[in-house]
């Protein structure tokens, strides 16, 4: 198995641990990743808010770069926001040929051509459908068996594209969690919005949504995420909300590959748990 | 709001209006929206306003800015309307017109894209600084100070300006601007 | 030359199939009625309650005259008719040939139980070890693998669920009559190929299936599978969808090329359910979602094995084919399931709710009378209905409206209130409340205002439940019109699931070049609701799109008419009417009653004291003897009985046996073989009488049997075989009204070979169609009308009377005498046997207050005419406002006219097409774009037509000021006033019927509260009046589209042809007579007779009866104080004697 | 229209005779139907009079009530005769006749119905005794019966039907003669109630009258008095017949003479079912009954007969009391019948004889009756 890899800006910066643990996990599972050369930002939510064309040109540039590499037809994307932007572009150019033409006019500035051959895959999609779960099971050391973890999917890997999971009632992480010996926390917040995009511009709205999730996670040993925005949002606001609500909402939040990596015997340092903003001590004590 | 602005808005929101043309105001979007309680106009009402050309009402509210792109409405709309995308179009219109009440979010996005334009990839610290400066609100940064310090201490943000040649994607941006007029 | 008797296959024996079959059978044609299920009656078997009476009325479809040819009991129990052969568990596989010469191939799965031998004793059920979900109760209860197909079933014969049965053989051992016979199955020869890239899957499946006795091979890829198929043949293939290399869908296509008959089941993970469903369209039979339970796999395989291996093919030659498979309901668990159906406890479908609260439903708490939650068993206090689940939802592949769910939910909410009290809270969440019938809007108001049902215009997107607090119920979030978001918990949520095409019929259509529409429903030809793309093949009922009961029945009658025309055109004859020998007059003979009891294979001495019984009966002078015999159900037993009758020569017989030996057909046989008139044979269901005395209460059981027998003896001893009454029946028709309904009914009757007089008060034929241009579908109305009128004018069986009205009419048994009055030519008297009131209707005029022609204010009709006259030019219009429900759906005319919304959409689309810059505004209350018309609503919206919803409190107002016309309305959602400057305003004023009360009255028909024709039964007899010779169709019946008018006209026509086909009509055996000598002529019986069967013959000063019209209901006998109105065979003397005997 | 019938020689009776004479002399009226004292006897019987001269024996108001004339008027009118007849009827007779019209047993097509405030009646046996005491005391009788104190007549009690009557005032008539609350010394008041009545009355050129001042008050008094008596009577009879044992005892003297039926104005059958073969039992039947119970009383079917009559006709009972009047065994059939009628009439919300357009209960069906009929009670 062999994928082109698009880390995205966050994984270079605020979510470096996601990048590191993803690469580590994939290697352990026998999957080769090759980073897209000279990739650039997908535009995040900003491009969409500013310019229709730009919001497709930015992802298109990366797809075109990937096509140019001619190595694999599939791009693995860990960041849900990047995934969605790339996916949207993948989808629209199949339907909207005039737009494709326009995009190519722009890409011509960099001597790039987009044909539309690439398939964009989310990390979770690949983990739950392509990677042999036996490998995770086999590698897991049952350190996790006393843990109850809450899978948190966020929005953009589930919606609007219904690719690998039920967008209303996601369960694709369940099998992966169970493979490590841990149990799945029973909640229905997995696909709810965490409000990340509002935390900076309209904090009270964003906080309300994070708060709901943190409160619902009460009883779980950790929350697992597959999106840097969600991760940041869930981690960085715990204190503030706890203070406001008068509750102790502290909970370790891990990226899914960090968790799987640990289960498979990687060390805390390997998966860079030190980079997590949330207090992970409770988790590490119980797990290891 | 002047007549001209309204006309410009009408023109700019033409596509959004087409996108929600078959809306029957069933309210699924509103009930699905996690941010409804922070909106002064619910999505159900907003689509209605859009369809009946009440641009002034839409753009004097900030509802669409509150959209966090969770796509629940898009997923659930029985008419299959791409409501999240329509929200983006409204955001675009607001941004292009540089309407005052959307300054904060427009600037946020603008700063972000400026960073992308320059470096190809975004560097959080740079665009945040730019954003705070542009907001001309000296108090605002403190709200983020705690997070910023934390990130700095974890080595996740780099105060120095990043890699990549200046103006990396300028050509692309310019071409887009040219095409979109 | 002896021509063949016409014969039609009706595929589907639900409501619509039964209607078509009965119409044809009553006309005198033979029908082969088939159904894939194991009982007839279809969906209605599961429904106890119908709108608007909250009761069932299925039996109202039974024949009204010559009714002894047919069973006369609840149609949920079954149907017997001399002209109808019924094949159950039978599927229509293919149809070939031309109208009048069709060859159909059927596949029947034989039953393992001989229905003639099964006495329904239920012993087998007690020993059967297998419990499965009872499909009849929608899985809410359990049943055994051997079971009664429907609890009401008359045949009472058990059946076996092959898929669940473990073939343990216990039932075979215990059956007292040897009715259960397991066929030796050779599962070894059934070869199954399992294709999956995962070894573990392949191996475990192989193991499970081998255990069931099947031969199993496996393949690890599509290519290996294809290779295997090259070397050996398989009957079935189970294949994974997602495999490296060739995927399952590709394999399916290739495998089907090798072996077309291969049964393929797809296996898939969640993510590929869509492709699995897609695969079914390409010929896969079914699919399994991984991971699956071995039991699910086995039962699916066994079922298919039975259906395709054990089933026997059968080829029939027929003249016509009526498809009436109905529709299927959307299954949320297989598609978009945001309401957690099947996952969250308390989320049920409408059908499940109906089962839950049915008479035997598991939702009733007999103690408190409360509604119990099906899963938790706790009382339900709060219920919600969610509309449009799988309808009007592009995410579930359904852009259409399912037309009937709104009314179904209102009915269910009312039922809940009526059955469980007002305290039960009921809320209906809807998008548009589509009350599209003349009485529907009133029903909704009743629900809302009298019954306290809450209506909320909002869509609930999903349901959730706090897993820690299940007692909180189902959590729903919705937004009200004011924009307030509400969160509410409900104990029970009912999903109003929408329609889906009948898959089996869709497959059949695809394989037999029968056209279907974009969503897979059978598509009918322009202006017809029944003609499919293939001549001689008709579609009845809901097959072409979901319909309510009355429309289904109408459409099925119309389909029967289509078949009737085919058979007539093919020169086929009707079945000759048996003259029936005149029975011997026994009035002077002393009754000699033979009493026979059958042991049913059991030992009587353990149940009855026969000596005591004999002694008890011996004191009755008329008793010939009491005989005990055995195994009447066998050939041998039957012969013994016949011999006994021939030897003893009784003139009356009382027979005690199981039900299956005493049903109508058997008794009819006995009459034929012994000459003993069947109405001199009284029967008793011994099995159920004895069931009342379980254990060994011999004395009580003997007394019970003695009492039952004595009652029958008393009934029998005063009986005299009554010759069936016959009434000469006029075979010509009168159609009143020359609109499309009148034209169609006249042509239809004439095409079946009967003379028709059509009268039209105006100068030209065509009615409302004269001013119409195109339908919303773009069909050319004028071309259609021209064609119809041409046919009408040249038809040799039709006489047209223009400028003519009915002056008066008189009725006598079998005939009307109508005096016609021509404007110039004076009077003419017509004798005719049936009357069709097709007097039509008009668009209601504009109220003077809103109209001002100088400002271009029109009704819809005026607008369309102005366009045609070119007095207005659509290209020049800037702004057009359409006001729906103008002067209607309020206290003045409180009904929905059904078609105005569609007409508005049509006009809006027309205007946009002429000039896309024209602003079109539609001001509406509820958008009634039902069924597939929903697409035009969507299209209008797409083209930028602006819709404003208004309510009764804020009706639109039009103001006129110096050359300007301003429409003021109030946007309901935004709660803000709206002013629209309009250069044209079009009011949808609704339909006014044009059926004068005096005219209806003369023909014994009645009008409803809105002056439309009042149906004999709005659901089950939708075009009949209580007078069996009078029918209505088109706009005088109810508001309808052209297609619907044509359909009702065709229905009225076949209902008329049913009568016209008989020179003499035969009555039922039980009819009323009058003893003239004692009759005081008070006419109470005439006034009360619900069927108009009684007339005063003023010349002879007596009451005369149309015996064919009389239904033997006995109301006349009840109201007549002197006993002059007598029900034959049920006189006062017999009744009193029966009471005496029961008490003696 | 309200006019006055003046007294003749200070006699109300004669004034009335004069009024009827004028009527019969009109061209439009061919015959009069009213009570006439028969020659050479004290008996007063309803008669059809065509000769005005013979009206001198007419006694429009008397305590004699040998039969309910509705049956007679039915005979005169069930088919067209080509003649116009003015008919004087007591209120209960009018009501019974209206019932018969509904049953097509009569028609008012050729009739002018004249009603009157009820002059009450004695039972036939009491009347015979009274007539012996006071023959030809017509005016004295009128003075008494329309006075405020009219409980007894020369010591005779009025019939219990009259004492308990709740409708002793005319309805459904063309012309009414009003007597209660009228100062009889000033003549009687006659009113036209229909167009036909107006036409007839108009031609008589009678002097105008004013509405009797005390009439409403008297009506109220009478109604209240009779209603109280009625309730007491029904309570009493119910108490005496409220079990099958008591009921059988009540009828134990019944001899199946069917007089009550023959005299019932609404029992309209040409031939009663009790005269048909339904009740013509086989000899073996009597034996079987006797064997079952040890003995049976003959004639059988007596209580059954009365119950059947109640089932058939109690909805139409006008309470005239002629059934009791006709009973040779002195069974107070009327009281029981009226008590049952009150219930059946209430059940159907039916008021016999008061509205000609109100259909008999069994000939119509209202959907609101459905729940009652089928026994499905709905939650409300």
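By written order: A, B, C and D. Residues from 1 in each chain.
We take it that a residue touches a chain if its C-beta (ideal position, glycine included) is under 8 Å from a C-beta of that chain, and two chains touch if they have at least 3 such contacts.
Note that this is a predicted model, so its numbers are computed, not measured.
Between the interfaces C-D and A-B, more contacting C-beta pairs are found at A-B. The centroid of the Cα atoms in chain B and the matching centroid in chain C are 55 Å apart. Each chain gets one centre point, the mean of its Cα atoms, and the points for chain B and chain D are 93 Å apart.
The centroid of the Cα atoms in chain A and the matching centroid in chain B are 22 Å apart.
With touch defined as above, residues shared between interfaces to two or more other chains in chain B number as follows: 37, 72, 75. Counting partner chains per residue, chain A shows two or more touched chains at residues 168.
In chain D, no residue touches two or more other chains.
In terms of inter-chain touching, the protein chains here follow a pattern that is not a line, ring, star or complete graph.
Against chain A, the residues of chain C that register as touching in their complex are 269-271, 337-338, 340, 343, 462, 464, 467. Listing the residues of chain D that touch chain C in their complex gives 103-105, 267-273, 276-278, 284-285, 288-289, 292, 312-313, 359-360, 362-364, 370, 376, 378-380.
By the touch rule above, chain C contacts chain B in their complex via residues 338, 388, 392-395, 431-432, 457-462, 477-480, 483, 485, 927, 938, 941-944, 946, 948-949, 971, 973-974, 978.
Residues 53, 55, 417-422, 621, 1077-1084, 1087-1088, 1118-1119, 1121-1124, 1131-1133, 1136, 1140, 1143-1144 of chain C touch chain D in their complex.
By the touch criterion stated above, chain B contacts chain A in their complex at residues 34-35, 37-38, 65-66, 68-72, 74-75, 82, 84, 88-89, 91-92, 95-96, 104-106, 108-110, 112-113, 116, 120-124, 143-144, 147, 150-151, 154-158, 168-169, 171-177, 179-180.
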